[in-house]
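Input: one structure, supplied below.
Residue numbering begins at 1 within each chain, and the chains themselves are lettered A, B, C and D in the order written.
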Amino acid sequence: MTYVAVIGPGDAAEGSEAAVRAEVVGRELAGAGAVVVCGGRGGVMAAACRGCAAGGGTSLGLLPGDDRAGANPWVTIAVPTGLGEARNALVVRAADAVVAVGGGYGTLAEIALALRAGTPVVGLGTWEPVIAGRRDHGIVLAGGPQEAVALALRLARERPGKAG
Amino acid sequence: MTYVAVIGPGDAAEGSEAAVRAEVVGRELAGAGAVVVCGGRGGVMAAACRGCAAGGGTSLGLLPGDDRAGANPWVTIAVPTGLGEARNALVVRAADAVVAVGGGYGTLAEIALALRAGTPVVGLGTWEPVIAGRRDHGIVLAGGPQEAVALALRLARERPGKAG
Amino acid sequence: MTYVAVIGPGDAAEGSEAAVRAEVVGRELAGAGAVVVCGGRGGVMAAACRGCAAGGGTSLGLLPGDDRAGANPWVTIAVPTGLGEARNALVVRAADAVVAVGGGYGTLAEIALALRAGTPVVGLGTWEPVIAGRRDHGIVLAGGPQEAVALALRLARERPGKAG
Amino acid sequence: MTYVAVIGPGDAAEGSEAAVRAEVVGRELAGAGAVVVCGGRGGVMAAACRGCAAGGGTSLGLLPGDDRAGANPWVTIAVPTGLGEARNALVVRAADAVVAVGGGYGTLAEIALALRAGTPVVGLGTWEPVIAGRRDHGIVLAGGPQEAVALALRLARERPGKAG
């Protein structure tokens, strides 16, 4: 089974470009039989879970708080970690690849943790980290949600020893 | 959905009393539609997941390490937390009730964390914490696995504001 | 440098036996040049830090919340972990030996985590875990705070490869 | 007491610009009476701790592993968290302000977590996150280590309700 994290801002409005794309990403991942991993809250996370549910898939929401009540209604398995923002590290660890849609600072933290762990990151209108005047090329850019999913699944499969 | 943790020693031998009981607990929880939460490894955890799978249910394994490869083969959703033994706190937080079968020190830590959080703990041949010469009565004792599951589900349901 | 955790209930009243003993433990550890590790809050933790400060020592408080404001006023270095009760695992990991004074469920969780990690635990009027009708002998019992400190320092020193 | 995190790549070579700057930052923070918080390992972390020790200050190293042996020799208080990269969140939480010197992906994760938490971040030759073609202005740029320390201390002091 392949686990793909969908990360992005928790305050993306319904109908925003990020939310619309995340919903397609969730649905396509479900169609491919992958588990959608996310932070379990609103915005991009809720959109990805909604898409996943529409596609008949399973989503895993790793919540920052102590209470399952904070989960969006489309999460299949909700895990209240009680770790606050340290749960970002768990979202990344649980994933064989990451799709980043849009971006807030939490998204940037998760992108960075994934790149550090060697987990492939596919970006859709997200952060482009620059250092010493040069763009870092760790994030694989996708033109749309279907391409993002295809890339994420391929990179997860090619990753040495993780997806199985 | 109700989430019930099944905790117990990771080194319980196949066929041991603890493993046999944990397998029945897992199967009965699956039959009741509850998600089985555990540490995702061997012994009692593997037995509970195997029972859950036999009953057609869903299990969630919160692994201590960084790698999904450490999960037993019956876990439905495996989450490599990378937190080491701090993941015990996550097993407890993710559960609306806990069934403790047998016991090692990790089991004792989880029992204590559950009692501290006010999460009901049902015991099957497990620890009996004593302080100042008196047995603590926080753990509800069950005579067998079916009774343990019935108690855990009832206590989870009666718990204010957690299971929903 | 040797790090010794002092654990016990956060609601032990000032002047209670546990608080009085913890204060002596903190002072003696400071006198021996050890760092006092604790959860940084009230009760036994505050008493140990007060004793440590009186003895001119250094204490480290690993707080469950996000905010240093939750620390008792005698902590030298306060670390808001934001991990909730998962910080218990950090208190234990940071220690070369543990002195348990009195007991609540959080204390029991820390004792169990220490025993699991092979970290020596010295007990002063604390839990006695019983399983299958027999008392577990993992905790080394002390008759008073001075003896507890002497035992903890000796066991920390003898522990293979940790204190140094 | 004010706590300032010094973050940067663990593999910065001795004598590199990042290491030289981090050492000055550590020494200046010690001179100002601030506690230096870091990840406790090598590179920028070791340089900051060495500078802090030279300035007679106190440093706190929050290590990713289980073992104090992984700390650099200049850390005053070493805490083996056992959380892996999730300890990045702890470094940020423990700080009233952050100075980022140079950058690897772990540094980027810590910058993002700090910006998310509203903790001031001062940058010295570090990441410049770009989104939708525009540079994010969350990081306050400094021209040199002395200016970075002055900025960090001022921003920590001005921060509502954290440093005290």
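FYI, a contact is a pair of C-beta atoms (placed from the backbone, for glycine too) under 8 Å apart; a residue touches a chain by one contact, two chains touch by 3 or more.
All values derive from a computational prediction rather than experimental measurement.
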item	value
Longest centre-to-centre distance from chain D, chain (CA-based)	B
Winner on C-beta contact pairs when A-C is weighed against A-D	A-D
Averaged-CA centre spacing for the pair chain D and chain A, given as whole angstrom	28
Chain A-chain C separation of Cα centroids, rounded to whole Å	40
Residues of chain D engaged with two or more neighbouring chains	66, 82-86, 89-90, 93
In the complex, chain C residues that touch chain B	83-86, 88-90, 93, 103-106, 108-109, 111-113, 115-117, 125-132, 135, 138
Residue ranges of chain D in contact with chain B within the complex	66, 82-86
Chain D partner contacts - residues on chain C that touch it in the complex	3, 35, 58, 60, 62, 66-69, 77, 79-83, 89-90, 93-94, 161-162, 164
